[in-house]
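Going by the order they are written in, the chains are A, B and C; count residues from 1 in each one.
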Amino acid sequence: MLRYVGRRLLQMIPVFFGATLLIYALVFLMPGDPVQALGGDRGLTEAAAEKIRQEYNLDKPFIVQYLLYIKGIFVLDFGTTFSGQPVIDVMARAFPVTIKLAIMALLFESILGIIFGVIAGIRRGGIFDSTVLVLSLIVIAVPTFVIGFVLQFLVGVKWGLLPVTVGSNTSITALIMPAVVLGAVSFAYVLRLTRQSVSENLRADYVRTARAKGMSGFNVMNRHVLRNSLIPVATFLGADLGALMGGAIVTEGIFGINGVGGTLYQAILKGEPTTVVSIVTVLVIVYIIANLLVDLIYAVLDPRIRYA
Amino acid sequence: MTTNIPQTPNHEGEQPLLELKDLKISFTSSTGVVDAVRGANLTIYPGQSVAIVGESGSGKSTTAMSIIGLLPGTGKVTEGSIMFDGQDITGLSNKQMEKYRGSEIGLVPQDPMTNLNPVWRIGTQVKESLRANHVVPGSEMDKRVAEVLAEAGLPDAERRAKQYPHEFSGGMRQRALIAIGLAARPKLLIADEPTSALDVTVQRQILDHLETLTKDLGTAVLFITHDLGLAAERAEHLVVMHRGRIVESGPSLKILRNPQHPYTQRLVKAAPSLASARIQSAQEQGIESAELLSATAVAEGTIPEMEEKVIEVKNLTREFDIRGARGDKKKLKAVDDVSFFVRKGTTTALVGESGSGKSTVANMVLNLLEPTSGEVLYNGTDLTSLSHKEIFQMRRKLQVVFQNPYGSLDPMYSIYRCIEEPLTIHKVGGDRKAREARVAELLDMVSMPRSTMRRYPNELSGGQRQRIAIARALALNPEVIVLDEAVSALDVLVQNQILTLLAELQQELKLTYLFITHDLAVVRQTADDVVVMQKGRIVEKGRTDDIFNDPQQHYTRDLINAVPGLGIELGTGENLV
Amino acid sequence: MPNNEFHTNHSLGQDDQTPDQAHFFPQGRGEALVRPGQEHFIAATDETGLGAVDAVADDSAPTSMWGEAWRDLRRRPLFWVSAVLIILALLLAAVPQLFTSTDPQFCVLANSLDGPQSGHPFGFDRQGCDIFARTVYGARASVAVGVLTTLLVALIGTVFGALAGFFGGIMDTILSRITDMFFAIPLVLAAIVVMQMFKEHRTIVTVVLVLGLFGWTNIARITRGAVMTAKNEEYVTSARALGASKAKILLSHIMPNAAAPIIVYATVALGTFIVAEATLSFLGIGLPPSIVSWGADIAKAQTSLRTQPMVLFYPAMALALTVLSFIMMGDVVRDALDPKSRKR
């Protein structure tokens, strides 16, 4: 078990450096001289610009910048924005609400997705199954922002059931709609995955053996079908957490949430490399941790791979 | 060699435990309704052993599953009745059947790997049976689990109960399944091919054990099997099914010695274990058996070429680096100092159970795997010393037919392309027209219609695909063909057909065969020489007659004794047409 | 002495075949008791006769795996629905002139938010552009991005996955780690960053390149899995035993067999790339305003949602239907190719 986790951890190290380097390179190559942009309309003297460049290490070669940056991460120093704010403060403001949103979305997609998926899987080919399949396709096909709009309009404006935007009101009620919108596509995937898994496992040989023992249908369902079917679903959900946090840009935009997505978007537009890279680095770390957790969960759920 | 057939004492006026009357079972698919079982009649008495024998598609498993109410998919009993212990249990709902399952009717299913849930411990799965049938109160469950597992022949039961299925060997898993099937002491145990996935020596142990156990408990056993020999050995009443109908049924020995129905006659004639039993009998009586398919039997006297060594293996060894169960590095000697030779124009059988190393040897002979040490000589030349190009040339002379008919032909290739492939790779055979003619010729040789060329593997049955594989192997006019368990996955009649074909081809084309197999009965019929392997080493080798009539080693004797049906007194088969 | 009679029940007319039973019985053992219901029974021969062993059924036309899948597909209504929609989308993209003669960029402010009129069945948007024309012409951007990105992604992903799966070892480790690196960065995020870089050069090609550069990871994983499965099949070993070269085995045996899951995934991916493009346009960093895009139109229609919801509705519907058609097609093709539903 330990060697399995250890090996996965080792594999993630190059991934961490590679991904962060990649995004650093992309951002670094963003055109435009951010220093001049700082000066606004007045423009900066060459000397002042030079001073700022030195301060932000912008004059050093790319690789050195990158390594300095990575060094900084390990002491939680993510640098400062061009307006002087420590990036870590910016992130500390933005991450909590996004984490809250992502967890709510995860709960929504897992609970509802699994329930519906199980029912559809058991009654495969029935009316519920066909309906649910078509619905899931539609949810995947319609872009998140359209779903977001429509829901915001109907539920928020027309029927006034939930707050239209979030802003500083980050209560759970206010986040319900955005969570549903954010988790919608994943909900469809969880549903389909569960359905497929349950439907396959129902036909498994060991389910027949369980029935042959005289176990009640309920027990067979619980201990054999569900238990095994949920393994792939659990791994998907684990990996989805990272994806949810990184993909919330649109949702946060529509519902006015000052989270990671919105902050990131602004930073990209303004050409703030440090903020962009920092946020993405944290997202990559979240992704890596989520993947390791998933591997752990998988090993707990499936004894076969514990010694792989 | 006579074997003990279970004898039930005289029970006057006893009521049958199970009665199937005119049972009809059908499945609904997208193409319509298919009748899997048409009018089956079966009676089983308490404590009796009955066997249903048939090939795949005969309906034997379907019949058995209907008794316990576990028909797969859309299966349904459409007519007839199932009476169990005087009660009509046809068409009971799942909830109603739950009362019978486990406590009255038990099941030992076929494949030990897929029939155990990989995520639960063995002990837990046994406990489920105890719990579902309220066998013992909760506090005594763990004890009973260990008892039941030990009963089924699992040593160190208490420790084993805490392990997971993947930590068990195939034989151990099967024993666990038997324990589960018998845990609640059912009156009837349905054993669906309970040992077909296992090694032959393990098979015998398990079946012996099952026999003793069920006799002690007074459980009736319904065996489902494709192996006539097994059926005759273990059951007193035999039922033969073909395409959903019962074609013959009655006392097992009687049917085997004197089958009446044409289908049963075919089966009895073709079953390797029975054929081997008859050959042995003939040998003992000094008669030349007509059923031998080996080259030396066909030839008159010994032909000088037959003493030539076409393949010789010297001190062949192969080691693998593997990880043990706890993740530690180990070296596995899959093949350990193996030496033997294959005589030209004859068949040498390389026999062994799983883990014996026979397939690894075959792979080294075919140059698909590098030996760690030792030599493989082909007509005197050491294969390991040849250059890449020379090996390529040599491949034309050494061909192979693999075991799995459903995997050895590329599903994307038409049959024509499959057979043509060797010609294109080695750039022989001339232009397209010439190649087509050659492929047609090859199809003729394996008795397949020429139109098969245009077809695809998924349209052919297992036996037909093997014939294509043989045709492909013949394309380059080889000298030697390695048959790696080439008939093990086939039904009895088809197996016999392929073996006969191979024997004919051997005669016609003067081929040499290296036959890798675990089935000693097939070896008796077809091989001139036998090499017995166990755990990577050679245990014994020699002429077939010598090995079977006078085995020297303990293991060889075990192997021969383990073949189901080999020991039954069947006569010499003169009455079989 | 137990009942010694044989109730033979057969219609083969073989009364002369009462063999000398005593010769074959083991010494010192009596006949097994024959009980009611278990007498020796022989059935009449089947009407069709026994037939030859394992005869070849030569009555139907030959069908390959793809042929069988096609036959299965033909019978599914969902296949036809998605096929029609796809063809419609392709037509709209290729020859929008066939469907409307109005210029989608011709906008008259005076017509702002007007309802449907003759010749303008969908009415006008806030800028006074004909919605119907914009819906028709918007197909080109979406379909072009979808198709081109999928081709690019299929190319990169398949090569990566095939090499990793086939050669294994070090190559697999390196390629898999590279795949993981790209996987760790969310697609939309990376797209936004790069599109921002190319602010001045936004075209369909740039969008395709951006999406393609970060969207190949899933196909790579699927290909790797499919190749590894195929590699272990016996027909590959057979080909090796024949002396086939590695290249031939990979290209001629493995890739055709790995194609099925790749094709299924690519079809679904096409749909998701169309959504991605629309999302980028919605965020304002996708295609420039000079190219008609459904995403941009939806973004613009946000403000008119309360008064004229249809302005949002039409481009949204068109987008959803196009994506749906590809995703449905992927679903249906997967079911048709599913080996569990194929007969042996």
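Keep in mind that, in the parts below, contacts are C-beta pairs under 8 Å (C-beta built on N, C-alpha and C of every residue); 3 or more make two chains touch, one makes a residue touch a chain.
Bear in mind that the values here come from a model prediction, so they are computed numbers and not experimental data.
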| item | value |
| --- | --- |
| Central chain (distance from its CA mean to the mean of all protein CA atoms) | C |
| Reference subunit A; chain at largest CA-centroid distance | B |
| Best-connected chain pair, where connection means C-beta pairs in contact | B-C |
| Distance from subunit C to subunit B - Cα centre to Cα centre, in angstrom | 38 |
| Mean-CA-position distance for subunit C and subunit A (Å) | 26 |
| Subunit A-subunit B separation of Cα centroids, rounded to whole Å | 51 |
| Footprint of subunit C on subunit B - complex, ascending | 2, 5, 7-8, 10-11, 14, 16, 19, 41, 43, 45, 236-237, 242-243, 245-251, 253-255, 257-258, 260-263, 266, 366, 368, 391-392, 395, 399-400, 402-404, 406-412, 414, 421-422, 425-426, 448-449, 451-452, 454-456, 458-461, 463-464, 469, 472, 493-494, 496-497, 569-571, 575 |
| In the complex with subunit C, residue positions of subunit A that touch it | 11-12, 14-16, 18-19, 22-23, 26-27, 29-31, 137-138, 140-146, 149, 153, 157, 243, 246-247, 249-250, 253, 264-265, 268-269, 271, 276, 280, 283-284, 287-288 |
| Parts of subunit A lying in touch with subunit B, wherever the complex brings them together | 3, 203-206, 208-217, 219, 223-224, 227-228, 231, 301-304, 307 |
| Residue ranges of subunit C in contact with subunit B within the complex | 2, 8, 10, 12, 14, 17, 19, 21, 23-24, 26, 31-43, 45-46, 50, 53-54, 56-58, 62-65, 67-68, 233-235, 237-244, 248, 253, 256-257, 342, 344 |
| Touching residues on subunit C, where the partner in the complex is subunit A | 177-178, 180-182, 184-186, 188-190, 192-194, 196-197, 199, 271-272, 275, 278-279, 282-283, 295, 298-299, 302, 305-306, 309, 312, 316, 319-321, 323-324, 327-328, 331 |
